[in-house]
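In this document, chain identifiers A, B, C and D correspond to the written order of the chains, with residue numbering beginning at 1 in each.
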């Protein structure tokens, strides 16, 4: 059983790609990890496998669900030192294709989700004068593509919130950063759709986790806010 | 009395600053103007004064209200040729100061409001292969300031949507553009707060209307998407 | 013969596209126009055709040539009220394809050229507390494309200088702005290379001139710095 | 004594801040380090202290000097695996304060210097299908401040070149990245000018070196291009 002194990392949005990789990396780096996801299958498996990890059901678009998950994690593991926000679904489609419900749901998961989760951890971070919040963004965080009429504005709102938090919380010792995932993340499904594409033309989730781990270790005199993860083959 | 053939301009968010200036300018340029605002006092006065203008109650954050206002405007004036979206309120405050309700309300007015109004006018614009949508943005459309934790993400989502629409609808002949209002708009209240500041260090609403009028007249081979309105004295 | 009171516009880089269109537009708007180009054929023809226009040989990459051209224009027409900088050649090629000489020459024309021309007109503008400098930029002003290893850095340096000048000279009443030409400018040669592309999928030089004319007329409480000119069909 | 198989890192612009820190860090990480600077004092001292390091006189603004320094380094240490470009001087001043000579000199050091050094190392990197070039940029790489009329355009040109190279060379396995130094680097002189400012409100050169070391280790499926180094206290 890990010491109660292990730093605590909450990973929000633990799916079988970036979320799992983040959880594995921070567990390997000595964190007690709170695994949060809407569905319990993967988080339960990871909680059984990783040292000092626990699983929580959490729908980031639902304030009550977020509050309950973080309350439970706090009770189990203590205050969160590092928050990793990976929840980020959203439908693709042009303005004419997406509905107001699609538009709202993308915003709820990406922007409101970050807001609600950060509200759970910032008070303790501020009280201790340290902490880190790393958000997993996307190409759509930077540009509003024609087919990202719902997802793009949601990711831009998320980035805007991260940026506002970074400016406000930095002087309090809390590091907020955004990883811009600019490419297709490696997965059996993605690779199946492009069988001729070499594996490292897809972003390795472990590479994203490596960036997150680097960000969290940065000296506070030399913090980064926005960092890309992009395959060497990518056209950008 | 203007001909029934006058082009139609809907101004959403008619307050005593930019909204009124936009309405006056487009009326002067020969448009029949649909004046939309949550409160009826100013729009009623302007409707009485301007040729071919009509007032409609419209809360852009409410889908039913938007649908009713545009249905009435269509019945009265015909399909909208130019949509000017000026509705843009939002509380100021840091991440620690604003509530989830503030965060959501800012998004509703700025981002969802644009979405809902644009849904009302795009089908006819696409059918005719022409039309223009000009959105009034802000400094916060570009950067997430520390004290813009609610307003900034909302304006960034609005910009992201405008950009996605511009890319998607441009080839269909529909021009979507964003005016970045980067300074304090002139008003008795703003001038009262800074009595030593010269009048033209505040952005003239008529200057913003002039930019909107220029955008709408651009040759479609040379469209602008994002245009600043900034006082010559501004530090940026 | 025009009155000596006509405002003076210097157009630098008068070729048979944007430069000619800028000259024609500002002549039509009542300016005495100083036509500056490396080669005299087109400027001589335009000087003969346009009212109050005069031609000057000017190589913007050569300080002595710039000084001589502006000295002559000042003697003939008076101090310059509006400077339009259209000189902007540069080779295309990747980092491996371009030479240090290519890299330097692109910088000389685009960045140093703006510097040298602006040095000629800013003192009088500052003394009068008004004036405008409009620079014709390109997509490469914003992003360093793989095949723009020489042209891109030159255009970015040009933009950086324009931005620095805009911030510094704005409070002195001098408006500096940049037009981002984001597409292919219409010309017989360009149209010949893409015979199936409709004419208005190429940027009309007159559309660029229209943007420049709008910029110069802006109320100083609502100036724009950076404005795109992009065909409605463009993918961006 | 290190093996001849040690990877080779060339640090260009070795002064007593970032340059020295980069050299120390890459030496500690097992690189043979080519120390390049205009003046020999510091590089000679470091060459004596660090394992497998050698000093070369190099003025990056001078093509012959660059060619000679890299030829000597190649002869001594072998082809360069990692190029770190820290040369970056430039005068501060507004457009009215700086001369054409200042403007050109800043460009020579920052933009042409990167071009010339990269030309020396890219052929071998391409031949091996791997390598890294990390450029030390500045706030001025992103915005043209009023007082950066010479330095800003030079840093923007440098960034434009780095971006063009990143896009072109990435698919060949060569990672080009830019560190945006957004704050004041820690030094006795800087701290002396602001004696009340805490030490970690100045960027630690070791923090910049840490970012460079992280960039060089990134999996090529998840590369970053542009990464900030900014003190937690910085207003941005």
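The criterion applied here is as follows: a contact is a pair of C-beta atoms (placed from the backbone, for glycine too) under 8 Å apart; a residue touches a chain by one contact, two chains touch by 3 or more.
On a predicted model such as this, the values are computed, not experimentally measured, just so you know.
**Student:** Work out the mean Cα position per chain and let me know which chain is farthest from chain A.
**Tutor:** Of all the other chains, the one whose centre lies farthest from chain A is C.
**Student:** Looking at chain A with chain B, do both copies bring the same residues to the contact (over half shared) or different ones?
**Tutor:** Chain A and chain B contact each other through largely matching residue numbers.
**Student:** Please compute the C-alpha centroid of chain C, do the same for chain D, then give the distance between them in whole Å.
**Tutor:** The answer is 34 Å.
**Student:** Between chain A and chain C, what distance separates the C-alpha centroids? Give it in angstrom.
**Tutor:** 45
**Student:** For chain C, jot down the residues that touch at least 2 other chains.
**Tutor:** 167
**Student:** Note which residues of chain A are touching chain D in the complex, please.
**Tutor:** Interface residues on chain A, with respect to chain D: 167, 170-171, 173, 175, 186, 199-204, 206-208, 210-211, 214, 218-236.
**Student:** Could you please specify the touching residues of chain C with respect to chain D in the complex?
**Tutor:** So the residues of chain C in touch with chain D come to 63, 94-96, 100, 103-104, 107, 111-112, 115-116, 118-119, 122, 126, 140, 143-149, 152-169.
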